[in-house]
Every structure is written in structure tokens, then in C-alpha cells.
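Next, two complexes with chain A in common: one pairs it with chain B, the other with chain C.
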Partner chain A sequence: MGLIRTLSSNIDLSDGFSTRLLKVHTLLLFTFLYVPIGVVVLLSFTPDQVPTFPMPGISLQWYAEILPPNYNEELISALFTSLKIATLSSIGAGVIGTLAAFGMVRHDLHIRWLSTDKLNTAFLLPLVVPWIVTGIAVATLYSLLGIYGTFWSVVLGHILITIPFVVTIVSSQLYGFDRSLEEAAQNLGASEIRTFYEVTFPIVVPGILGGMLFAFTISFDNFTQTFFWTSFGTDTLPVFIYSMIRTGIDPSVNAIGTVIVGFSLTVAVIGEKLSQRVLD
Partner chain B sequence: MSIKNKFDELNRTASVYFKREEGRLGLLEILPGITLITILLGGSLGIVLLYSFLDPAPVSAESTFTLQHYREFFETGFYLSVLLDSFIIAVITTAAALALGYPAAYYLTIMDSKWKSLYLLLMILPFWINVVVRTYAWRLILGSNGLINYLLVDITGVINSPLDLLYSKSAIAIGLVHVFLPFMVIPIYISLNNVDRSGIEAAKNLGANKLVAFSEITFPQSLPGVAAGVLLVFVMSFGAFVTPSLLGGQQNIMIGNIIGQMFNELQSWGLGGAISVIFIALVVTIVYLFNRQIGLDELYGSGGDA
Partner chain C sequence: MTPTLQQTEPTSSRDDRKAVVTLDSIVKEFGDVTAVDGVSIEVRDGEFFSIVGPSGCGKTTTLRMIAGFERPTRGRIHLEDEDVSQVPAYERDIGMVFQGYALFPHKTVGENVAFGLKMQGVPEEEREKRVADILSLVNLPGTEDRNPTELSGGQQQRVALARALVVEPSVLLLDEPLSNLDRKLREEMRFELKRIQNELGITTIYVTHDQEEAMSMSDRILVLNKGEMEQIGEPYEIYHGPSNQFVADFIGDINALPGTIVSKTDSQYTVELEDTGDEIDLPRSVAGRELQVDARVNVNVRPADSQLDTKLEEGISLQGTIEAINFLGKSANILIDVNGREFLVQANGRTAGGRYQPGDSVTVNWKTEASILLQES
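Then we have the complex of A and B:
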């Protein structure tokens, strides 16, 4: 440490130089993050059977293949399965997670072995346990119960893995909630229920929606756990794409990937706007 | 963990902000969530633990208690060597993500506010894009007909024959860094953003140059974020499944792929269970030792119940 200290006190970086160096590093990092995504998008327009460089031209044939009238039926069914599962599980996680956040933030449970701290940890567990282990473990339970591969079992699993996000986002909003507003409403004669609907709920709702949107995306994108939970007929979009990649080169993967990137980015920007509203 | 830290901090603020209510309603509100986690996650982990001691597993009339799955794991060098490989890949991924992520997170905190929100958005956006698609993208870059070989062989002619980049441990590590980088940058950015600026100014007024001010004041205060990022990236890349299976090929697999194979293709739920139990035990031990070594509790201040 002594050596480093002597060294660092003798190196005098000018403000401009070190900042520029950091900026170049950050821009290179963006290149690293976005070039692969750009390559997928670019190669989705190749007329070639094999997505490689150089591209002999530009063609929309792979988009034509995934869109009506000659769309891939399995692909569309996987897409709808994903959308249904993401919608249902974000609603489920939204309800269960919001309730839990209210319970944890607003109540003293007075149970010695169940402190708020332990509850917080418990609600983060689905995020912390290695995903592959959650995947195989829940699949084992499902097959024991005889519900393995069913649509609703996948929804239930997705509620489990998205709850941590809803609980975290909603409780951080509840912690920042000024309860004197509720007191004021009640002092002015509002009933407890009316206070909830007219004061509490409108303030908390952006947080709940933000959490649900997050849950939706997590569910829509989830692969590792879902791969072990679905079977023929309940395959989600990521699982379908994965098997497409594994079984060989299908150039329409790039077109599908591009559509997914476009969709995810739209949802992400909406999500960021929403969460900024939450943070403000 | 940063999220937990945030909770503790918020808890403390909360006790000042408003009074908590007494009564059973809170328990009722928590019940659905806690039941789901206990039964679905706790129950299923319990079954995996049970199966790891049974032969044959899953349960049948002939199932008996046995330690043979654990014996098989330790006596077959293959599983241990995959576990070691996975550990090394996870450590390299974590180190690379830290080396790449820290300077970027630091730049985000000192940069002009005009571009800041755009840079932050660009840093977070990849997190929203599907992992399968992002991993697949690296096949188009590292493959023998990929972008890098195209640039090296066809365009610049630096080399004559394409390099074998895909299906290697490096390819796995590159893919993992790409996938998990936001999990490193965001916690570091949050803790750097909370650094008390007046301390830095004071140090500079007392004659410290930028580097000394950074290493003595800024860096120590960013350690909770570093610790959180390191833990998240390490744990997630140690248990990675999709990245090694798409970028590692047959030769380079990680422990997650073994566990997956045991349950899917091989139907060896007993051995798969034993490997899962050993893997979880190892992860928990590493996280525990890391916490003790780094002294997370001290870094975070006294946590405890609010």
C-alpha cells in the first residue's frame, strides 16, 4: 500500500486526460455490448442461407418467412404462449408481491422467528438460488405432483421467479411514502377504505405497474428455469429459439432475434420512463 | 448484497417516517407470497436433497437410502474437473466484468449530466434483451465464418486460415461477461453515486492529487457496490447454463450443463440431485467466506432488524 500511495501521489493526471481516457473506455464498452446485437440485426437481412459476412445483398425473405401468410406455426404458438405466461405471471406476481410489500413495510408482525430482515431475505431467495437449481428442483416437484409441463405450472413457476422484483420495487416506494397524507385525508373525514382508494393507491400505482412490467419482461425473457419446466406444447419463445439454434442453422433466427430486440427495447424504454416517474 | 443493504437503509428511514401498524393483517398480506416460496422453492429443494440420498430416484418401492451418488461424484474425476473449470470460468468472468465495469461506472458518475441519462440507459438496455439472442449473437462473431474471422482473413488478411474461437472456455467467458456486465456496473454506479463529494474536495484542498483522492476516499466508499457486483456476477456465472451450452460446445461444459443433463437427457435424478446439493453448498460457502473476508457487515454498517 505504501508503494502505491507514493506512486499515486507522484502521478498527476490532468483533468482532461483522465476523463477522456475514461470516456474512451466507456465507449469501447458500449461497442462490446452493442456490436453483437447489431450483427444479429444486420445478418437478418442477408439473402444467404447461412448468416455470414460478407452479405451478398439485402433481402427481407427471412422476415417474410416468420410473418403471415407463410409463418412458422410453432414460432407463433411459442410467441403466444410466452405472452400469455408473461401476462398471467406478472398479474400474479403483482398481486402477491404488492400484498407482501404492504405487509412487510406497514406492519410489525411481532413474531420472534420471523423478523422483517428474514422476510426480506426470503422474498429475495428465488433470485439468489442458482437458476439452474431452481429449474431442475421445481421440475422435480412438478413431476412428483403430476403437473409437469402444464401451462399453469409454468405460470406458477414464473410467479415465483418474478416476485422478488415486484416486492423490491413496491416496498421501496412504500418506504418513501409520506403517511401524513393518509392522516390528513382521515382527519378530513375520509373513511379508511376511501383513504386507501383515493390517496394511497394512486400514489403507489406507478410502482406496482413498474414492478409488473419488470415481472413481465423477466418472465418473457426467462430461459434457464423455463427450459426445464416446459414440454411439447408449452414451449415459450426463448425455449423455441434455443432449440432452433441447437438443431442447426436456420437463418430466420436472426429475423426473430431482431424482432425480439425491437420489442424488448420498446418495453425497456417504457419501463425506464415509468421507473423514473417512480424515482421522482 | 446491495438490494438487502438498500432494504436495511430504507427500513431505518422508515421507522422515522411513519409508525408501523400492529396486528394480524400484515401476516395475512405476507401469507400468499411466503407460502409460494416455502412450498415451491423450499419444497422442491427438499425433494432434490431427498433424491440425492435415494437409489433409485425418483421414489419407488425399491428406493433405499444410499450415499452412492455422492461417492460417484467424488470418485469420478470428471465431475470434479467440470466443477473446477466452472469455478475458474466464473472467477475470470467476474474479474473481467469488474475491470471493464468499474471505470465505466466511475465515468457515469463524473460525466456531464447532459448525456448521463442516455449513457445510463445504454448501460442498462442489454439487460432487457433476451439472453438466448445475446448469446447466439456471439456465435455470429466468434464462429469460423463469423465477424472476427471475416475481418482477420478476408478484409485485412492478417492471417490465412480462420481462427477457432467458438466452442472454447474463452468464448464462454466472453459471452458471460456480455450477459452479466450490467449486474456489475449498476451496483458500483449506485455506491459511487453515494460517495460524499465534500470529502474529495477536502482532500484536494489539503494537497492530494486526483489519484490519491480517488484511492483514499472514493474507492473505499465504492466497495459495497463492488462487493455486491462481484457476488452477483460470480454466483450467476458459476451456475450458467445457456451460455456454455451455446458457446462451449461438447468439449467445454459447465456444472449447470451437467446438472441439466442429469435431469433431462440422462434421467439420473439421484446423481443430479447430489451434484445440485454439492453445488449449492459450495456456492453458499463461498458467499459466506466472501462476506466474512470482505467484512460486508462492517462495510454496510450495522444492519439488523429495523
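Then we have the complex of A and C:
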């Protein structure tokens, strides 16, 4: 006891010290999170065919390779496929997921063994099913239905895997929603529909947008399932990059990666700003 | 005309005013739970009517049924002459202030207050004028462009009030509107609410668990307990003439001395007190209703009606020992042990404050007519 007390009395937990400790901790955390991304960005500027450390110099040649006029047409087409699929599936998941969240949060369902709680779990379950299993299962289903490899089947698949994210985000916003706001609107003469678009919708819109943005990045990123669902012509960017590096690492992949990171960060920042403005 | 019914109503000059809100044997069940059980009230034009009771007594449910957020399981609700029992909330001509104010966070103060007018289709120019007028009435002129989240709790409260009043509803409902404010602000807002209510002459139904708040503002009070009506009357009546032990305990502090009626005559009851064995005579007028010999009763007396070591012509005296003194300035709360039962006397601070010490033997007195004799509940 005496020793511990002596030791602990040497530790200065005054404000200055703990603030510094917090700063160091935060710095370490962000280093851990961002160093891998930093490596990708760094290596995209390498002049070598095979990246080495320390880099002998700085070069933009890999960016030149992915930009006109030297760009790989298949790469750009894969990028646009990814963007289209991510946009459509985030809209689809946004609509379906929002409706599902409303249904789940706003109605206390009890049909025999089915209850709201169980539904809630059922929506989250696809998240824990191994992605490769979903990938193979859906691919099998699609080939049975004869739609395997088509653009819309990939969109449908991505809606399937992104719905749980939208449901989770929107329903958490709805659980925290103060219902008396809706009652106040009705008390002031707004019908149920009017109340929805004057009060409910504007207040939950940041949640819906956030969910859709999340769905967008999940779809844009997805490799495991998409790998089983696409065929030639519907390759998404991650699937195309995979086929590129199968034959050996091409540093232009790092350049693509850097562009994607920049793009994702921009989307995230816009989303953040957007939802803040809606909230204020 | 049913003369017998009229006699049961308290005689008051307000009685001839027309009823604006009428509840007729309202029952509300949630599954197996009966939240409101047979509530019938008539709230008259311009009246400030409070519903009080402990939490879970059904007061908020009653208010929500009047507003139209809940439908009664049985019974009818009339607004003026119209049966609104099945009319949706947005078609009822009722304004409401919510406990948490429920201001729309995505709208400015002006937009919040104008919301009801917008729903009624009032043209924008008139809307702006009426919003400005009502904001001055609640002492927040020129705050139209502020965000509700920038305002203090008291200011948000005023905005909520303005928003409910601007549409000139025939009834104003207030659900514990002061419970989120600190004590000083709460007392200020009591006067403020009462001033605005007087100025507009609007019929108001006020729900609170704070009986003091209800007494200071209301024309009449309904005391609810477990969904049932315990008493309805003016504040004075309810405080000094509670109809049962629940109301006596709930409204204000009270000393309740248990006893048994040992005999009665045409003019008085004789009660034997359980703690001291004293037999005291009480006139029939201090009992709310007819009591039988051998009935278990409580002799109640308010701390403020009790005194120490005073010679009274028509009074009751009990011997006791001072347990504790809580000096409050203008008054002193003195806790006395009367044969094992605690008895609180609220004495004058100047005369009693410095005179007694804990451990002193004293006589507790009160005027006979200050007693409230009630059947034990």
C-alpha cells in the first residue's frame, strides 16, 4: 500500500499532464488509422516499377497512366460502373431501409412469434453472415433466375448488403426522435401527412443521408460478394483492380487508390457538412 | 334542470358560465391497466382548471385525451357543443404546451410560432403581424429569427406558449410546463402564465404534480389518484376541506392523528386518539361526511394551524417534546414528538424561533374548527 501510494503521488494528474497524455494517445490512434493510407499515397509518387524505400525520387508517371490520354479504358469503365452501382444501390437501400426503419420503430408489431425486437435482429443478421457465403448464395440464386452477371443484378445485390446499414442508422435516429414534436404539429392543425413532411422528415433527413452515404461507400468498396456477382462488362473498380494485381503489382494501383481516398474523404466531408446544415 | 346535481357542485359565481370542455365518464385502458377511470369534469369559459395528482395518476393521459393524442376507451369528450371523442387532434380547436416544449429544432422562433397560422392558411403578411404581436405578449419581441436552441429554458417556454396561443384556440392545455425550470424561474413563470391567461381570458387546463403550483394559479382543482377522481373544487375548499385522507395528505402538509369514534351526538363526535388515549370532542362541521361510531378516523390539522403553548378558548391540546427546530426566518418548523407520533408545527419565526430548544416539553394547540376529521383510508 505504502509503495503504491508513494508511486502514485509521483504521478502528476493535473490538467496539463492529462491533457498532454490525451494528445499523445490521440496522435497514436490517428497514426495507427492513417499510416496504411499514407503509405498508399506515398507510393503512388514512386518513380520505380517496383516500389522501394527510401524512394529514389518523386514522379507523377502513375497518375499520367490513369489519366487521359494514356488511361486504361477498362479501368475508367470499371470506375463508372462502380459509381453507377453505388449511386443506385444507395438510393434503393435508402428508400427501403428508411421505410423498414419507420415500420420497425413506429409500430409495435406482434404477430404470433414475430415481434419488433426479432425483426430488428433479423435486419442485422445479414451483417454477421460471412460475406463469401452471401456472395456464393446470391450468385447461385441469380444463375437459377437467369440474371447472373447483369448490371441490375449487381445493383440488387448491393441493395441487399447495404440495407442493414441504412436501417441501423435511420432507426437509431428514429428511436431518439421526440414524438411530442409530431404531436405539437398535429395540435397546431397539421394532418398526419403534413406533419411528416413539415416536421418528421426534415428532422430525420440527416440520418437518412448519412445512411445512404454509408451505403454508397460500402457498395463502392465491396469486393467479396461483388467478385462472385460480376462478369465481364459489369466489373466494378475493386474487382478490376484485383484482376490488375493478380498479374503483379502495378504502382498505378496506388495512384487509383489515392484518387479514391481523396474522393471518399470529399464525400464524407460533404455529407458531414450537409447533415450539419440540415440539423441547424 | 336537475336541482340535486346542482347542489353537489360548489356554489360559485362562475357556475353560470358555459362549459367549454366537458368530459363524461372518461375511461382509458392500456391493455390490462386502467389509466383513467371514470373522470367527469366541466371546465367553464375562461376558467383556470388544474388537474393534480402523484405520478401515474392519469392526469397526463386525461390531458392527452382532451388534445386528441389518445382516444378514450369509454366515455365522451365535448368541446363546447361538439362531441370530439373521435375527432383527430389536428381538427380540434385546442392549443397545447408540452412538458419539454416540443419546439421544432429545424425552424426559427418565428417559423415555430407561425406554424399553426400556416396550417390554417393565414396569408404571410397577417402571419408576420400576429407572430410579432404574440411574441410581445410573452415578452420576447423581435426574436423571430433566433433558433429555439439558442434560447434559455424559460424563453423556450414562452415561445411554446406563444406558438399555442397565436392560433387563438378555444382551450389551452399545459402539461407540467414549469417542471423543467429552476425554482426561481418557476415562480416568475407562475405569475407570467396567470397574467397572460387573464389578459386573453382563455380557458386553461393545467396538469401538474406540484399542488402548490396548482393552488396558486387555479380557479378550480381536480385531484386524481390511480385514475380516479378524489375531489374537485376551489383551492381553498380542497386545502381546508379535503374530502378524504388522500387529498388531505397530497395537498399541503398535514398532521394526521389516528383514532376511533367512541360516541356521537347531533352536534359532535367524540374521538379517542390512538397515541395518547385523549378523548376529544369535535363539532360535526369538521367532518366531511357522516361517520359511524367505532369508525377508524384521522384527526387532521395543518402545521400552519397549529400553535405551541397557546391558551385557546375552543381548542385541542396535546403534550409533547420538541424533537427538532428548523428555523426558516419568517417561520419556524418545529417537530414535536407526541407520544411517539411526529407532529409538525409551523410557528411564527419571530415569536417561536428563538424561544424553544430540542428537548423542551410543550403543549401543542389548535382551534377545534381547524381540525379535519376524515375516515381512515
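By our rule, the second predicted complex is superposed on the first by the 232 of 280 C-alpha atoms of A that agree within 3 Å, B and C clash if a C-alpha of one lies under 4 Å from a C-alpha of the other, contacts with A are read in each partner's own complex, and residues count from 1 in each chain.
FYI, a residue touches a chain if its C-beta (ideal position, glycine included) is under 8 Å from a C-beta of that chain, and two chains touch if they have at least 3 such contacts.
On a predicted model such as this, the values are computed, not experimentally measured, just so you know.
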item	value
Contacts of A:G189 with chain B and chain C, given as first, second, both or neither	second
Chain B versus chain C as contact partner of A:E73, first or second or both or neither	neither
Chain A residues touched - chain C or chain B, whichever exceeds	B
Chain B versus chain C as contact partner of A:V138, first or second or both or neither	first
Partner chain(s) touched by A:P126 [first = chain B, second = chain C, both, neither]	first
Partner chain(s) touched by A:D178 [first = chain B, second = chain C, both, neither]	both
First, second, both or neither for A:L160, with chain B first and chain C second	first
Common ground on chain A, meaning residues reached by chain C in one complex and by chain B in the other	178
Chain B residues touching chain A - in the complex, by the definition given at the top	1, 3-4, 6-8, 10-11, 13-14, 17-23, 25-30, 32-34, 36-37, 40-41, 43-45, 47-48, 51, 58-59, 100-101, 103-104, 106-108, 110-111, 119, 121-134, 136-141, 143, 145-147, 150, 154, 178, 181, 208-212, 215, 235-236, 238-242, 245-246, 256, 259-260, 262-264, 269, 272-273, 276, 279-280, 283, 303-306
Contacting residues of chain C [partner chain A, same complex]	67-69, 88-91, 94-96, 98-100, 102-106, 115-116, 119-120, 147, 163-164, 167
Chain B-facing residues of chain A, complex	4-5, 8-9, 11-13, 15, 18-19, 22-23, 25-26, 29-30, 32-37, 39-40, 43, 50-54, 95-97, 99-100, 102-111, 115-117, 119-126, 128-141, 143-144, 156-157, 159-160, 163, 167-168, 171-172, 175-179, 217, 221, 223-224, 227-228, 238, 241-242, 245-246, 253-254, 257, 260-261, 264-265, 267-269, 271-272
Complex contacts: residues of chain A adjacent to chain C	178, 180-181, 183-192, 194-195, 198-199, 202-203, 278-280
